[in-house]
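One chain, chain A, appears in both complexes that follow, with chain B as partner in the first and chain C in the second.
== the complex of A and B ==
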């Protein structure tokens, strides 16, 4: 009966898997769009409830140690499911308006989410690999779902080729780590401090695979192209849910499998974080396309997350989790408003010049975009500020003062390109006549909810911070090095 | 008896051939084939480690990686066909609408 108990603890993934299968069957037999949408949303709400319940449960390993629940993994699951729920609601209206509301989108989103949950709860390198690939294969298809648009399918091709290239490195890393340690269980790998050249090659290749997936410099080349070419709500999905899952998995790996090599990987992460923050922010400044600007900004944000990881302390890990929450809320919101503007003139309507004077046409949407952009820039009282504060504070506690200084300077530079969009929205005269139609009620309420949550977690971070800090007290896996 | 190092060296060479193929070739299908070479080189590594240690885990991972590789090829070829219909070429240096 142990397996049934494990399945109960793994309920979010199971609910979503079943829903994905149902959606696929409904699509095959009746093509009832309302039913597909209802099943997707209902299953995501149920899964969200189950995963929030799991947040307060114990941290235990399930399925004979292949997966873990509670703590960091439960938070990752809840965040991924919540992000998916928001994206599904936004996608329906957006994809209908660009005439691409296929049922496959919902099936793929649900299966991709299962992959993300598997990734975020993985306790064994095999599970990490399966989760990562389930997620990636669903995303390759989703990126190219608008296949009659040349940019859309080009984005899919680039994502696919570079993603599968990265998979090769990732798998080679797993193979070498397995050869060096004789196991794929994270905690068992953690017992080894230094197992020679093969061990270090394995760790390096594994990290390279992850760096590709979370798009940090110098492995970021695919990100702007894919984020620009993919349908906007799918971009939001890739930028938030997929990145969250990969980062949560990275936390589990660093914390459980490599606790004795902190000094080595911390040094690597510091260098990569500095490169990512500087390049992401500087290149974002010269972008005229808003989607592309947000893509570079998401690269910069991955850099801030790495600052917290590089600290390698309990405070760093919980700061990263808080940052991921803030990042998810504000990024889905920003992409949601961009998707709203975009649907009036087709998928090419993304240039910042075209946003001129739009602020007064639909004030509600423009104000929401303002909130999300201020939060992304890290200005109080929004969640983005608290996230950045915690990440940099963790770095300073871990004596990485230089890193924190670079991070703060980079984020100051970042304010320029976020506010530039607002300058165009409110302070420039529009050249072309464009009538904005009102967005649907679910669309507006999701964006409003995201904005309220952004403000809530920016004003009252206390309760959640304590919960997150509790995940890492006494749960740190530490072993004595083997000879 | 051939020692494990030879198998590891062979798979490292195969993996490098795959990497060089991805980095230098322009045809999307050839790039896909190079990625497959990389994945199969890794499978060889896993099997040889598994045989050396007398541990079955490595061989089971190979099954998973074969599965994933098959799914990836299915999706990849579909994407390449869609690209061909749009652009009438699979040369990646000519597929360059998205830049900077």
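== the complex of A and C ==
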């Protein structure tokens, strides 16, 4: 009966897998778009409830130690499922308006989410790999569903080729680590402080694979083109859910498999974080395309997350989790509003000049975009500020003062390009005649909910911060039930 | 082990000779694998490259046999050599002839690429020679399939199931990318 018990603890992934299969069958037999959408949303709500319940459950290893529950893994699961839910609701209206509302999109999103959950709960390098690949293959296809635009095909092909290349690095890293330690179990690898050069080569290649997936400098080249070419709500999915899953998995690996090598990987992460924050922010400043600007901004945000990881402390890990939550909320929101503007003039309608004067046409949407951009810039009282504060505070506690200073300076520079969009929205005269239609009720409510959550977690971070801090204070297998 | 008379156990000398024989076979198949892989990379003709890949993957299958992983070896031949490569060849041959003839690969960014791959190669060679390898003679046994089945249904149950989802995603993705949707503009 152990398997049944494990399955119960793994309920979110199982619900979504079953829903993906149902969506496939519905598509094959009835092609009822409403039913497909309803099944997807209902399953995601159920899975979200199950994963939030799991947050307060015990931290145990399941499936013979292949996966783990509770704590960081449960938080990653809940965040990924919530992000997917928002994206699915936004996608329906957006994809319908650009004539690409295929049933396969929902199947792929659901199965991709399964991959992300597997990745975020993995406790063995084999599971990490399976989750990463399931997620990636779903994303390669989703990036290219708009095939009649050149940019869509370019996005899919670029993502696929570079992604496969990164997978090769990742797999070779796993192989070398297995060669050095004789195991793929994270906790067993963690018993080794140094297993010779082969161990370090394995760790290095493994990290390179992850750096590619979370797009940090110098492994970021694919990001702007892919984010620009993919349909905007799918871009939101790639930028939030996929990155969250990869970062949560990275936390589990760093914390469980490499706790004794913290000095070495912390040094690497410091360098990568500095490069990422500086380059991401500087290149974002000169972008005229809003989607491309958000792509570079997501690179910069991956840099801030690395600041928290580089600290290598319990405070750092819980700060990163909080940051991922804030980042997910505000980024889906920002991409959601961009998708709303875009659908009136087709997929090329993204230039910041074209946004001129739009602030007064649909004030509700413009105000929401303002909230998300202020939060992305890290201005209080929004969640982005608390996230950045916690991450930098963790770095300072870990004596990485220089890193924190670079981070603060970089995020001050970032304010420029976020506010530039608002300047165009409100303070410039529009040249083009454009009628903005009202967005549908679900679309508006999701964006409003995201904005309210952004404000809520910016004003009252206390409860969640305590919960997250609790994940990392005990020893790894304490199994203490959380509050 | 069933079906093995006790006096059939090889003596020490015989065991040594067997080891040498398998070492010779190992190096022969390694040369085959790496050689045809290199030919595949450097060949400018896509048909030649596909054929070279067949030899390379067959060589890998032979290496699996030397590791007593007979089931994996059979799967390797069945899936890679028999399935995927024949598909690639069909794909090349069924497309129009002049398209295939003009389909030559070009090399760009020669210098940075060779510097980077040279650096990685040096690193890996250094790792290979610096590492203290412990050599284990694989136990001679039958029934790897039984062990494999038990492992897939026990320890590796989760990755095994997720592999199913992965393949499903790949099939759906291939269909979506290759067929034109009816309500697509």
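Assume the second predicted complex is superposed on the first by the 475 of 483 C-alpha atoms of A that agree within 3 Å, B and C clash if a C-alpha of one lies under 4 Å from a C-alpha of the other, contacts with A are read in each partner's own complex, and residues count from 1 in each chain.
By definition in this document, contacts are C-beta pairs under 8 Å (C-beta built on N, C-alpha and C of every residue); 3 or more make two chains touch, one makes a residue touch a chain.
Keep in mind that this is a model prediction, so the values were computed, not measured.
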| Touching A:178 in the superposition: chain B (first), chain C (second), both, neither? | first
| chain B versus chain C as contact partner of A:115, first or second or both or neither | second
| task | Check the residue A:64 against both partner chains and state whether it touches chain B (first), chain C (second), both, or neither. | result | second
| task | Would you sort A:157 into first (chain B), second (chain C), both or neither based on which partner it touches? | result | first
| task | State whether A:126 touches chain B only (first), chain C only (second), both chains, or neither. | result | both
| query | Which partner does A:17 reach: the first (chain B), the second (chain C), both, or neither? | reply | second
| query | Given the touch rule stated above, what does A:302 touch, chain B (first), chain C (second), both, or neither? | reply | neither
| task | Name the contact category of A:140: first (chain B only), second (chain C only), both, or neither. | result | both
| Of the partners chain B and chain C, which touch A:246 in the superposed model: first, second, both, neither? | neither
| task | Please write out, lowest number first, the residues of chain A touched by both chain B and chain C across the two complexes. | result | 126, 130, 133, 137, 140-141, 144, 147-148, 156, 176, 179
| request: Within their complex, state which residues of chain A touch chain C. | output: 3, 10, 17, 20, 24, 63-64, 66-67, 99-100, 102, 104, 107-108, 111-112, 114-115, 118, 124, 126-127, 130-131, 133-134, 137-138, 140-141, 144-145, 147-148, 156, 176, 179-180, 196-198, 201
| Inside the complex, what are the residues of chain B that reach chain A? | 8, 15, 18-19, 22, 28, 31-32, 35, 38-39, 41-42, 45-46, 49, 52-53, 55, 57-58, 60-61, 64-65, 68, 71-72, 75-76, 78-80, 82-83, 86-87, 92, 95, 97-100
| said: Under the stated contact criterion, what part of chain C meets chain A in this complex? | reply: 123-124, 126-127, 130-132, 154-159, 162-163, 165-166, 168-170, 172-173, 175-177, 181, 183-185
| query | Can you list the residues on chain A that touch chain B in the complex? | reply | 126, 129-130, 133, 137, 140-141, 144, 147-148, 150-151, 153-158, 160-161, 164-165, 167-168, 171-172, 174-176, 178-179, 182-184, 224-225, 228-229
